[in-house]
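Each of the two complexes below includes chain A, the first together with chain B, the second together with chain C.
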Partner chain A sequence: MSAVETQHVARDLMDQLPVLQVAIPLIAAPLIVFIGNRKLAWAIAFAASAAAFVIACTLLWQVIDGSVISYHIGGWAPPLGIEYRIDALSAMILMLISGIGTIVLPYAYASVAAEIPKKQHTLFYALFMLCLTGLLGMVATGDAFNIFVFLEISSLSTYVLVAMGAHKDPRALTAAYDYLIMGTIGATFFVIGLGMLYMATGTLNLADLAERIADQGINRTVRAGFAFVVVGMGLKVAMYPLHHWLPNAYTFAPSAVTTFLAATATKAAIYVMLRFLFSVFSPGFHFEDWTLYLIFIPFSLLAMFAASFVAVFQTNLKRMLAFSSIAQIGYMLLGIAMLNATGLSAAVVHMVNHGISKAALFMGVGAMVMYSGSAFFDDLKGLGRKMPITGAVMVAGGLSLIGVPGTAGFISKWMLVQAAFENGWWIIAIAIMLSSLLAVIYVWRMFEVLYLTAPSDDCTATDPPLPMLVPMLILAGACIWFGFDTELTLGSARVAAEGLLAGSAGMMH
Partner chain B sequence: MERLLDWTFVVGHMNYWLFIVLMMTGLFIVVARGNLVKKIIGLNIFQAAVFMLYISIGKVTGGTAPIYPVDMQGHMQVDPSIIYSNPLPHVLILTAIVVGIATTSLALALTIRIREAYDTIEEDDILKIERHMAAEDNKEHGAAMGGRA
Partner chain C sequence: MDTSTALYLTMLIPIVAMAGNMVFSARENLRDGITFLCATLTFVCVLVILCNVGNATTGPYELFEVVSGLSISFHVEPLGLMFAMIGSGLWIITHIYGIGYMRSNKEQHHARFFACFSIAIAAVMGIAFASNMFTLFVFYEILTLSTYPLVAHKGTPEAVRGARIYLGILIGTSIALLLTGVIWTFTIAGTLDFTKGGILEGKIAPTLLPVLLGLYAFGIGKAALMPFHRWLPAAMVAPTPVSALLHAVAVVKAGVFTMLKVGIYIFGIDFLASTGASEWLMWLAAYTIIAASVVAMTKDNLKARLAYSTVSQLAYITLGMALATSMGALGGGMHIAMHAMGKITLFMCAGSIYVAYHKTEISQMQGLGRIMPITFGAFLIGALSIIGLPPLGGSWPKFLLMMGAADAGHLTIIGVLMVSSLLNIAYLLPIVGRGFFRPATDTRLPKTFSEAPLLVWLPPAITATGCIVLFFYAGSIQNFLAPIVESTP
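Then we have the complex of A and B:
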């Protein structure tokens, strides 16, 4: 027995945290289906995501000094066994995903009751747990094929969650179908890329892949693999020309689902993109630099302007926020493409800050839709006055979206501008500010409708019940809090960015 | 002088050529066909192509099935002189096949629901209905915002 025991690195519960992070929601999902009780389903889902959140916080606390936790599944050492690898970046994104999951659930209870037929409630929570599992797994794992499996777990459950909006509008079904086709093509491209990398290196462990690619140099197979991985993940990220699935999916999905997806799904995909760009490949390779300069930067700039511009002309608030998401993803990819520590920290911090702001905004819209029946601007007239707290939450989220000083969004945009100046790219710095002006216009339109128009005389809307208000207030508070106290977000983002760059610097030579 | 076209290379990589042909066929069907079920079939062909790629990777020239014989005591008899094929890509693709089945069944389920809601599974007709719905939305909600959605 002793021989077996020495193989296990993990001995007590603390050492098992990386796998528990993923396993708890995974077990919760079938449990919910078996028990089949609506109220209990919610309680289990909430307990599981709260547990995941606590674990993520503990993990972040363990790796904030720049260390790395390597967990061997089943005691099989990497590169042969599957490894879960937690560093500052992954712990931070884990915290974002599980945190948003935990905050969305109390909100979802009332929101789901209003938007989804009763008999689907337990299944909704089961799928929500599966989606959470997939997203957490994508971030926690250090094995390339494992990423694909978790990606598909999260995607498949997302398609169903989006389709659950069909009760209100049948277009949710076609939105889900479109998303399924695009998402599957993206995931399959990702697998083709992995196949090519495996062909060239004979390994699937991310750290091992990096080592072997650095050892043997680049050949055409590796290059093709890189291209497939970037395009495949680009589809999942909703990188500008590949974003077609996003607006409809966000518009027609149930409010709670939109909130969760907008804050987490694209962020997990960006995380995987970061891992491949910096941990597996490294900016020292010519073709990667050129990919970033010639593809990422122009398309992110296009996203920042075109998507914001389209957002200005929407009549549906949810759809407007969806287009704004595409623009904000542009900022993140731009930060990545700057290829310096400041830009990377800006991208990472913007993932968190935008996640929080968008979640607050989508929650606010969801609460208003419960009373107005639709997210069209003319149905939301004056609701900010009728629902003062919800309105205030949306103001906080909106200001953070623009990047007004004193909100979380300001910090990340400020970092982004600084990063642009560091590279001497003042034109891009100006572009960032100009595109923020577009954000001012569309956020202003929202304020105008919510506050400056008179509500209809028979409008009986009031603030939603407490379980919906508290999550909204927490997120709005976070939008403001992270605008002043940047210790947690910016501090971890810096460690994460340094980790990413250090990882690649070692491979450059 | 090196020959422009190395026929042994071309024929020796038959699997990979077929992979590309199948992949492109699948992608073309997904893009070009308007029928939702045909799109799913295209997606399936596309995925099957990837399965073929992975299975081809696993083949080692002259390799046999990677099964170690076991002696009476249950110990594996590993003979280093025998070449085995690589089982890992095959195992990986088993997972991908399962994922593919899940995707296909979900897509078909969605198609059934779409047919119930729209009474058609032709993309053109669905788009026509959705454009009509958007126009209705515009008429109802767009006037306040300058008449457009």
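Then we have the complex of A and C:
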């Protein structure tokens, strides 16, 4: 091949990146099942998610200037054909999802071996790939029905992944069943909403939807469609009070699954929510403003306080972190509801920062559970001293969760409070600060158990093997790094927020 | 060495000390030697900055920008330089004392202890040289977190409880109040740089100004203003070197130093004076001065009494800022130095008594002065300096504060300061009196001269001498600090 041809191929390949982003893990899943070898399965999964991560980085690099990539599947022009749309927001979330996927896999290799029966390992990796595909697809696509399809792919695989925890604790089965019921209701609501929007507009392409809704104005069908979409996605987001499925699912799923889900699944759902709130509909519509002010803000505040409060009284560390996730989702939705550039950047940057911090924490817990057998505080006594590196990772993640300066969580909290002040909502600003005091309490309970209680005498716990340790350290490092260097996280989040605030105009070419 | 290098080194060297402690955790002489060397080098670096800069203001030196408009950057100005000198200078002395104390007292986990101690010093240097409120806040929180393991050091339920109060109040106030205030300031002023004359003038409604000031005054929990003072007595469960350097000097002084910085460079003394926004704070500080002294009189535990005395003395500095006169601010600034020297002496003496005879309650200390004359002599000098009697350093800042109060036209405040001195006499001197003049109650005590080990009694003797020396150099300190209150050039 001549140099010119190589260049052509490279350019063609670059053009195909949006679809490759989703296709690579999608193809990897059946491949893993066919091959059926445990080690190869892992290698394929890792290669696929690493490739997805590289693609996501490339995409972000292409759209960081605020541009939009529109990819037509099969060359069929939208709105008839399916369109994939990448802008700064989607590229950022794609990067988070694929990045966490790539980091979790080496960890999963050791942790899965300890938690899941051997014969299910290849299936685990296949499902993991499907879940990754679904989440990436939800974010990459610009077609409403396609979102539903990918939502179901990710949800169905997630139910099974959660149920795989049954080998250790049979309650994983009921947790998965709960999640299945709630998740299905959510997905059904979402698709009903889509049906209504389709009825009113005759299109399912997001950009086209936006245009037609803007043209024809609001009618009852569109409003009902909006309501169903928001509630349906609210369930997947675990928006308070639709969060019921989350604590059990996170507590009983295998550690690697919990880590992956906590960092990515709810974030992809928030992404879809953002798309509908800002790109399809726009805050100019009165009913949307009212939804944000009268539903999002009160429920976000409730989440921040009630869920944190519940977290304080948990006796199981995984469960405590799960409730903390519900509270943190409250921060993100609150940032969205502020409807200004700073608030939206805060929400977007918190999606990434919280994803990283929670992943580090859940990985740490997972490593400790490998030795202690359970995540109950009583079984984790003094483990921070016995497992110094794991303990240090949990400290970094915990501090970031509180939002201590010098950690990623601080940046999101700062932006969120600044956004509240910019709106003149000083009561909300104070509420954010007060609720983060609850985070201090529950995080410190964890530190005291890990460091200030004596380990049992026959405790032989040591830091986990290197493949688990390195991902944990990378995430903990990221918690600190993104607390100082915010160019990538906050910089992209700002571009994303501007794109969102440009409203449906941002969806046009 | 140029100033910026020396400045970064003051933060880097303590980090090296921390690393040294972690790496050589099993070899105590090497480890303590490294820390001593690092402490000396840090002090030398501060001296280099002093020689280069004098009492001018240089900088800012920006390390990097975190978010646009918010950067980690440093500058050198007289108040910060003085604070850095106190922190690093007393670190050397406290380290010597710490070696003696930790070894003779058979405390555990020396390496962890000295490592956390070093991080705390690095944070203090960061606070001293921070050129904007954002940087200062970052280091402020690092200081809180790095001292938490020191307070919880013993690991007993009592220590854990104390550490919980310590952290709860310090993190709680700083996140709920201080951070809110800082972000509010940033939103309305668009900057957080410490600027002479303040950054708020004309940007905030006068009615809201006292509210914002309140967020700072209560948010800076380290300044131990009532009602957020409880963490300081709680922190006394820590080993005495921690109480001496951190809870009499570094941590609490970081608090009042921040208070002064905020008053002078964020609000601006003139702006505060013209709006009267700080008047309520002045009365609260006055209340704290008296109330804490009264509480101190009721405490039989020596360290608890000293802790309440610190609460009272810290309020002097807050008062200096709240008076909103240049004399008041100068007096407050100088009191940072004078009180540091006096109080560290008292704490080291308390530790010395504990090391030698394991006495913690004042009522058990009868007759100890006769067998530990150096310790009790140093205690007497420290106490007199805290009370504010000449020829000891502590007399000058009180003098300046009274002049500041007169300038501001608040004669009641002068009365408060005088009553406070009397109360100081009432709760500090009886300790010395009991030691020297009352017969020993404990028959197991030796009859003849029998001091604590050399490394434990020598450091308080040095700082006690320092209290006397400072009396004669008060003029230079005042001249050195003068630029901070000069009207904008």
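Definition applied: the second predicted complex is superposed on the first by the 492 of 509 C-alpha atoms of A that agree within 3 Å, B and C clash if a C-alpha of one lies under 4 Å from a C-alpha of the other, contacts with A are read in each partner's own complex, and residues count from 1 in each chain.
The criterion applied here is as follows: contacts are C-beta pairs under 8 Å (C-beta built on N, C-alpha and C of every residue); 3 or more make two chains touch, one makes a residue touch a chain.
Model, not experiment: these values are computed from the prediction.
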{"item": "Combined model on chain A where chain B meets chain C, clash or fit", "value": "fit"}
{"item": "Partner chain in contact with A:Leu399 - chain B first, chain C second, else both or neither", "value": "second"}
{"item": "Chain B versus chain C as contact partner of A:Leu59, first or second or both or neither", "value": "neither"}
{"item": "Contacts of A:Ser436 with chain B and chain C, given as first, second, both or neither", "value": "second"}
{"item": "Touched partner set for A:Arg171, first chain B, second chain C, both or neither", "value": "first"}
{"item": "Partner chain(s) touched by A:Ala367 [first = chain B, second = chain C, both, neither]", "value": "neither"}
{"item": "Touched partner set for A:Val231, first chain B, second chain C, both or neither", "value": "neither"}
{"item": "Touching partner for A:Ala322 - first (chain B), second (chain C), both, neither", "value": "neither"}
{"item": "Shortest CA-CA distance between chain B and chain C [superposed frame, angstrom]", "value": "14"}
{"item": "Touch list for chain A against partner chain C, complex", "value": "399, 402-406, 411, 413-415, 417-418, 421-422, 426, 429-430, 433-434, 436-437, 440-441, 444, 448, 452, 483-486, 490"}
{"item": "Chain B partner contacts - residues on chain A that touch it in the complex", "value": "145, 148-149, 152, 156, 159-160, 163, 166, 170-171, 173-174, 176-177, 180-181, 184-185, 187-188, 191-192, 195, 198-199, 204, 313-316, 374, 376-379, 381"}
{"item": "Interfacial residue positions of chain C with respect to chain A in the complex", "value": "64, 66-67, 70, 72, 137-138, 141-142, 145, 152, 155, 160, 163-164, 167-168, 171-172, 175-177, 179-180, 183-184, 186-188"}
{"item": "Partner chain A, residues of chain B touching it in the complex", "value": "23, 27, 30, 36, 39, 43, 46-47, 50, 53-54, 57, 89, 92, 95-96, 99, 102-103, 106-107, 110-111, 113-114, 117-118, 126, 130, 133, 137-138, 140-145, 148-149"}
